[in-house]
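First chain written, first letter: the chains are A, B, C and D, and each begins at residue 1.
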Amino acid sequence: MIDIRIQSNEFDFSQEVKNFQNNKIDGAVVCFLGSVRDLEPKETLEKLEIEYYPKMAKKVLKETAKKAFKKWSLSQCLIIHRFGELEVNEPIVLVITQTKHRKDAFKANEYIIDFLKINAPFWKKEHSPKGAKWVKQNRRDLEINF
Amino acid sequence: MIDIRIQSNEFDFSQEVKNFQNNKIDGAVVCFLGSVRDLEPKETLEKLEIEYYPKMAKKVLKETAKKAFKKWSLSQCLIIHRFGELEVNEPIVLVITQTKHRKDAFKANEYIIDFLKINAPFWKKEHSPKGAKWVKQNRRDLEINF
Amino acid sequence: MKIIYFAKIRELIGKSEEEISFPNSVKTIEDLIVFLKNHNKIYHNVFENYDFLIACDEELVDMNYEINKTKEIAIFPPVTGG
Amino acid sequence: MKIIYFAKIRELIGKSEEEISFPNSVKTIEDLIVFLKNHNKIYHNVFENYDFLIACDEELVDMNYEINKTKEIAIFPPVTGG
């Protein structure tokens, strides 16, 4: 079971976990939740704007999930990614992976988030009292070997 | 913030996630949930019995969390481990780690679960129609380098 | 050929999409970029000074990619989702 | 000296804890295991044929560990929690 959602409205992590668990299949579940960080220490984030390329974003997330699904024998996989205007602490991305053995759930989950960080067409723009600026890609993300 | 709980009563993963999120601190949260697996394909698990050494279990979990907390600059860490009699699909163990950067949350979480698998004094006994038997330690768990 | 832009590249170019006709000699992404750079100063500035990625029909491609069967080309900065 | 047992080891020994007095010559965990093995057949069987771990005052120790300051020794099978 693969579930991919790209949405502007906020999602409820705990509710997603609950829904996910209703299909009890395997023993190990790993979740990753990424939320909007403030611009510490000197600035304040007014909002985070996320632009995306709809057709391609959906395709990349789906293909990434499928690859992970096959490689680590996942029983379930959920990816949710937000777009639009977000505030500090709002959830941006959720990845849940379920497998028989925990190592696979960890590996699959990290693979998905690492891969989408450098391949899924989403762009973040930070708005603060000083103005707006596009977030730069994290160099460390590019150094990951898949 | 470190929160360690060893309890016989069931916990609600989604509720724990919700509580955890109420202290919003850093952007990356990783959760691991381990649940009772059935004895597939030939047997049926009637119940899983978990015995533990209370004083030492608490100590090991606390020290493991503290080590991870320091090493990966965690902002929050929760470990819950059950004991007593559990049924198929019930949650056994929950580890939640929160950090600024996702790689640290993944590493800390996996470290905690790997370490407790071979150091925390809990023992599982599987009861099935064929009788009861103590679970053997997984060799793969012993091959992990910390 | 339909070209679409996103994020900072979209802002720099000043539009989110356009139809561009180019000569048959433009066969690869590299040819296209050279063509656009010679087209006007805005493109020249963007493709000379900013990092960008190219997707042809929703698939990331490199500069040697041949575009003869491509329907939609997307040009955008390195992604920052997740 | 208080010795406590858990899980399969507890079942094999037939009790969850006991007080055992041993001579001054028993200085390390290894000495203790040898002493217990000579004590009776049950201990001999357990420590000869089963994997076990030792914790002194809630800390895992190896066979060379000196037990002169230990208050509680726990003997149990490899752990299987998580």
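Everything below uses one rule, namely that a contact is a pair of C-beta atoms (placed from the backbone, for glycine too) under 8 Å apart; a residue touches a chain by one contact, two chains touch by 3 or more.
Worth saying up front: this structure is predicted, and the values here are computed from it rather than measured.
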item	value
Chain-contact steps, minimal, separating chain C from chain A	1
Between chain D and chain B, distance of the C-alpha-averaged centres to the nearest whole Å	27
Cα-centroid distance, chain B relative to chain C, in whole angstrom	49
Distance between the centres, which are taken as Cα means, of chain B and chain A, whole angstrom	24
Per-residue overlap in chain B, given as positions that touch at least 2 other chains	34, 113
Interface hub residues of chain C, defined as touching at least two other chains	none
Touching pairs - complete list by chain label	A-B, A-C, B-D
Contact footprint of chain A on chain B as seen in their complex	13-15, 17-18, 21, 24, 26-37, 89, 100, 102-103, 105-106, 109-110, 113, 140
Complex contact set, residues of chain C against chain A	4, 6-8, 10, 55, 58-60, 74, 76-82
Touching residues (chain side chain A, partner chain C) in the complex	34, 50-53, 55-57, 59-60, 81, 92-93, 113, 116-125, 134-138
